Amino acid sequence: MLTRKQLWRAARDALLYVSLCTVTFIVCFPLIWALSTSLKPKSEIFATPPTLVPRTLTFENYEALLTGRQQYYHSGPQTAPSGPTPAQFFTRWFVNSVIVTAGSTLISIVISTLAAYSLTRFRYWGRSVVPYFSLLGYMVPSIIFVFPLFLMMVRLELTDSLWSLIFGYVSITLPFCMWLMWAFMRSIPIEIEEAALIDGASRYQVFRQVVLPTALPGIIAASIFAMIVSWNDYLFGRVFINSLDNLTLTVGVMLFFEGTHVDWGLLMAASVLMTVPMAILFMALQRHLVAGFGAGAVKG
Amino acid sequence: MRRLHALLSSDRAVGLLFIAPFVVTAIVFMVYPVVEAIRMAFYSYNPLRPDLSAFVGIANFEFLFSDPLFWDSLWQATVWTLLSILFQTILGVGIAMLLHRALFGMAFFRGLLLFPYIVPTVVIALIWRWIFNPEIGVVNYSLLASGIIREPVYWLSTPTMAMASTIMLNVWKYTPFVVICVLARLQTVPLELYDAAKVDGAGFIRRFIDVTLPQLREVLIVVIVFRTIWTFNKFEEIYLLTKGGPGTSTFNLAVYSFEQSMASLRLGVGAATGVVMMIMLLIGSIVYLRITKFGEEVR
Amino acid sequence: MRVKDQHTNKAGLGRREFLGGTAALGLGASGLFGSKSALAQSTKTGTVRVWGEPGPYGGVGVAAMNEWAQKNAPGLKFEIETIPWDNVYVKLMTDLAAKRPPSLISVESPIAMQMMAEGLLLPVDDLVEKIGRNRLVDGVKWDYWGNWKGKQYVIPAHHQPHLLLVRMDIVKELGLKDPDTWDWNDLLNAAKTISEKKQGMAGFCMALGRNLCTDYHFAALLHSAGGRMYDPSNKYEVMFDSPQTVEALNFVKELRPYMPKGAVEYSFLQVVDAHVTGQTAMSFYWGRTLGRAAEEAKPVFEATEAFNHAKHPKTGRRNNWNDFQGWCIPAQNNPFIEEVKQALVYQQTSKEWLIKYCHSLMPNVAPTYKDIADAPELKNHPFYQSKSKTVDTYFKASLAHSSSTANELLQGPNPLAGYVHGRSILAQTVQKVVIDNMKPEDAAKWGARELEAIRKENARLLG
Amino acid sequence: MEVRLERINKRFGAVQILKDIDLVFPSRKFVTLLGPSGCGKTTLLRMIAGLEDITAGKIWFGERVVNELAPRDRNIAMVFQSYALYPQMTVRRNLGYGLRVRGTPVSEIDTAVERVARILEIDHLLERKPAQLSGGQRQRVALGRAMVRKPDIFLMDEPLSNLDAKLRVTMRGELRRFHLDLNATTIYVTHDQLEAMTMSDLIAVMHHGVVQQYGTPAEIYSKPANLFVAGFIGSPPMNFLEGEISNRRFLVGDGSLPLPALQVEANAQKAVLGVRPQDLSRAPAAGQDTITGTISLVELLGSEKLVEVQLQNRKRMSIQLRADAFVEMGALFHLRFDPQRLHLFDKESGNIIPASN
């Protein structure tokens, strides 16, 4: 038999679940709808009433993106190749995005981990200024320095190469990683290292065998953020890259939208595909993401 | 004694060696571009004709301050920031409270609700244009079908609706940030405080006001300051969804700067806008430092 | 794009294979290091980047050039990059500033003329002779595409006027007059009638967003009213603050209630969408609306015909905005100048390719040479059966009413137009009226001030 | 007010935290729930407070079942281990909070707060915030918050555990005094037997969710009901020897000890013999009631000396001697057992085997 209190509690939990489901549905709806659209044949995309679950399931949009199917323009008796369409470059752009994301994240993490260790374990002039500096850099929006950076890349003859993006993303992610790693390193007790030093380990051994493993959660958190930032950036890709071959996904996918004809199915499939890597990362490392917020973003 | 000396000096060497890459990278890729941006604010610079670049003193700033669009952008940025932050905070705290329950399946909800944060802005802008399309979008269809509206809503076609849409997008994308921060803090609130309040006779609402909110105060201030700074300077969310339109009704300073630099080929004016943004940013940062007493801690 | 002299052929081949659209993994590295090429002894290898506007014809043009390359420069691959109109300026700025311009650009006249006056283009008079100076169709001159201080900088790609597209089924149903006879009042009236009588359909549609399309659509109205932005014969003095401008703005304002509600954010794409999906009965547009309707909405295609614009009641003008679009060759940082020149001549002298070019998007791209325009093969297209008058209007009859912002009322090239469009001055002027409810007189003054600022900032171009 | 627990059970999923607890807390008594951590004592306290659901059973406050009552309606007050002061409020507001949420008039709140502050000698701290107080001061504020409402029942969850040793001793006395002043039933949870022994009227010793023994401190100390209580109460802890009962003697290893008369005589029963270090003495020579070992450790405790003697079966026994007693490591030592001061437990059940009388 249920007591009044239990009944009340059950009702409250039910209400809680209902509101959670509603909120979750609203939050996820855009993505669900994108997925749904991407799996529909053209005829169903514009059907009224619209269908949430496709009546006919098709993977043609994904196929087009992944195989880079050449598209032809039918107008009259002949079929003319219409020149490259964005779909043909999709895989290429995907690889580019992976390269710049991985490259910039790696650089930022290595630099910031070393620096954070140095800042929290050694004493020298200026060591208290660096965190301030990182914080400030963390807040500076990229729109402010994208053009000077671009002109610098021009001078270095790096434009239209993935290096320009890697360096560009380092400039956005480094202050943040620095800040996060600094906060994290500070919270690691120095005694373990001292113990290792007394046991006869060298500084480098201590760093490799003691500090790095302890700092791993921080490193993972910083990496996720760096990856999200690099993967999602549009501005730098838009400004730094000139040729189709070297575009990244974000800029490339916008090209789908800017003709005289928008293929919504294809566009949504592209959107889904470019969200997937971050989603997987997110699912796998969600716990660390939260930890990252705790240590860095919410520091104070 | 000699060994100790050697250790210290080698330690120092390690310290400097480890910080060196950061210093170099920071100077080349962070300090230099910002300094250069400040320098460019005092130059005329047409990217098509860099050879004609010349020092113009404060002419770019004069241009800026006499351009009504600059002031419009500033005002619109303020509106968009304030409203975005307001909704993000309220929703963020609300959702965090919902998620902060040890109920079955909570991890699942938590994962899904934090998802928007990682969705690329490009993707969400495209999806937004698709679902909010006045004629063929599913949102209008649902609203019409359910009788909530009689006529299709033109989400991006009137200044007010466009502003509302960009705010919605921003709220959608960044509320998870607030949720994560608040949730992390909620988990550290001592449960005994709630018990004490219950024993003292406080109901649900009093407990929220007297226990939860004071505990969240600090994290909320930090989140709000951070988000204000970032939201104020957001470029992609607006540019990709409305390009600042219709008209210039959703311009903010970042879009203004981009348009001046790119479309108008006035990099100097764009840079000057950037300098104005940086000054406001500095003010924001000082507020942040004050609130968190960051400096004292370091000393 | 850098070209390196290397000795193996392998890399070049791999590159070609990749660009053939096969696959991607592992090739990131080549992008990573920015290296572009490899090569043979006498010929260069690499990708020749070509800019074109969205649409299949750029691809056809490049296909012709690749045919040339196969015979004469097997290491080269021409690749089209379609640049959406609204992005042209960003792309232009970053590519030129990055010293990585494409090797060949097919672009609208305002930009071509801007680049030409800035000294960014290569004179191509030698090509004109090879292609044939006397081939142009009647009613056009080489100048229209781009001639500056006696030198030709642009080779014609096509001309493309925007006209008044009308759903004749609706006109007949409502008993409206023949659109050929319309003046502005008739157009307005027709728009009104259709809006009132046809549920869920707008009477008329043009772009009103802050973009290039609105600039072009409005310019046609401005020119028909007899107004213009600058006077090339008088040191490019600004003429915009005029009764004609006000009249054109007022006309837009009057038409506004009969346009789709979302028109204030419309650009090229949405205007086409609106017509093809049957949301509007009339619209201003280039020929591609018909191309798309033919593919996606047969009934709309069958019912739609194109007309020269309604004439202005007083001036009697019916100006369209005709883009004399041409090929131009960036002079600096261009590693393939010779190859591009040869390939361009090859394409321009190949009847087969030029006809394919026109056919690729009927009737958007009109032939510029008599031998093509009159070729029987050109008529070998279904549109010539179903839409012969419309095609003819686009291709020939519109020429008498040609105008553009880069060559207002055909009174001389205007290198400032590129800046005007980059900043969307005309569109913003229109938006001041339709969104902000500014008085047209004040909007015209605002526009004039902006135009004056552009003239002052770029006085160097005019000297 | 009397508090009565009737077959109280608590389960978290499959885990049984409390099992059939029957307890009566007499009105106005100071009752301690004592037990090691994890024994369920805090859970039981929180159930009495209404902070924890009751899986089964009834809780009576006087004549009323309060199972369904919210904490606010039980007229209880509680002092928490971490004090749980509201960090953003001043001491004054902390003290008055419980009255304020009940809508008590401001003037009344002020009077009540000031009265309590005076009693607790914290009236000079009223405008401070918790962060500006020392541990002891916070403790007093927490107490004050509980006292201010004049509750029927006063619940305390290890309130002294966060204080340093010295302060703890002082506070023990004060708490006892406040209890007398307050005139309310006090239920006190602790794992510290010293607190329990010194302050309580009654002690309920808990282990594994079961009340092992309920009685006055003296009863618990002198007549432990089972092995657990015997081992838990008393310091230094009781010595235990395993052996067998045989003919009124206790056989252990190669020796044997005399036993008192048992209520139920037993033979060949496996048993555990317990004896407190204070109850052992030193015999000059081996005898009937002694066991011999060697001294393996000597600890000087100040007024006493604790000596550890290792028996032949390697079992160690501790014995408390006067500080001036002469002992030498490694020397032989004869332990004398007083039959009247032995505790005999059944090896199987752990329960006491009662002596007759």
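Things worth noting here:
Per-chain residue numbering starts at 1, and chain names A, B, C and D are given in the order in which the chains are listed.
Definition applied: a contact is a pair of C-beta atoms (placed from the backbone, for glycine too) under 8 Å apart; a residue touches a chain by one contact, two chains touch by 3 or more.
Just so it is clear, the structure is predicted and the values come from calculations on it, not from any experiment.
Counting hops only between chains that touch, chain A reaches chain C in a minimum of 1. In this assembly, C is the chain whose CA centroid lies farthest from the centroid of chain D.
Chain C and chain D have Cα centroids lying 92 Å from one another.
One finds 57 Å separating the Cα centroids of chain A and chain D. Each chain gets one centre point, the mean of its Cα atoms, and the points for chain B and chain C are 38 Å apart.
Residues of chain A in contact with at least two other chains: 151. Shared interface positions of chain C, defined as residues touching 2 or more other chains, are 86, 90, 94, 97. Counting partners per residue, chain D has no residue that reaches two or more other chains. The chain pairs satisfying the stated touch condition come to A-B, A-C, A-D, B-C, B-D. Looking at the complex, you find that chain A touches chain D at residues 3-6. Residues 47-50, 52, 134-136, 152, 154, 156-159, 162, 242-249, 259, 262-266 of chain B are the ones that touch chain C when the two sit in their complex. Partner chain A is touched in their complex by these residues of chain B: 10-12, 14-19, 21-22, 25-26, 29-30, 32-34, 36-37, 40, 47, 95, 98-99, 101, 103, 109-124, 126-131, 136, 138, 141, 145, 172, 177, 180-181, 183-185, 218-219, 222-223, 226, 229-230, 233-236, 240, 254, 257-258, 261, 267, 270-271, 274, 277-278, 281-282, 284-285, 288-289, 291-295, 298-299.
Chain B makes touch with chain D in their complex at residues 190, 192-193, 195-203, 206, 210-211, 214-215, 217.
Those residues of chain D that touch chain B in the shared complex are 46, 49-51, 70-72, 76-78, 80-82, 84-89, 97-98, 101-102, 145, 155.
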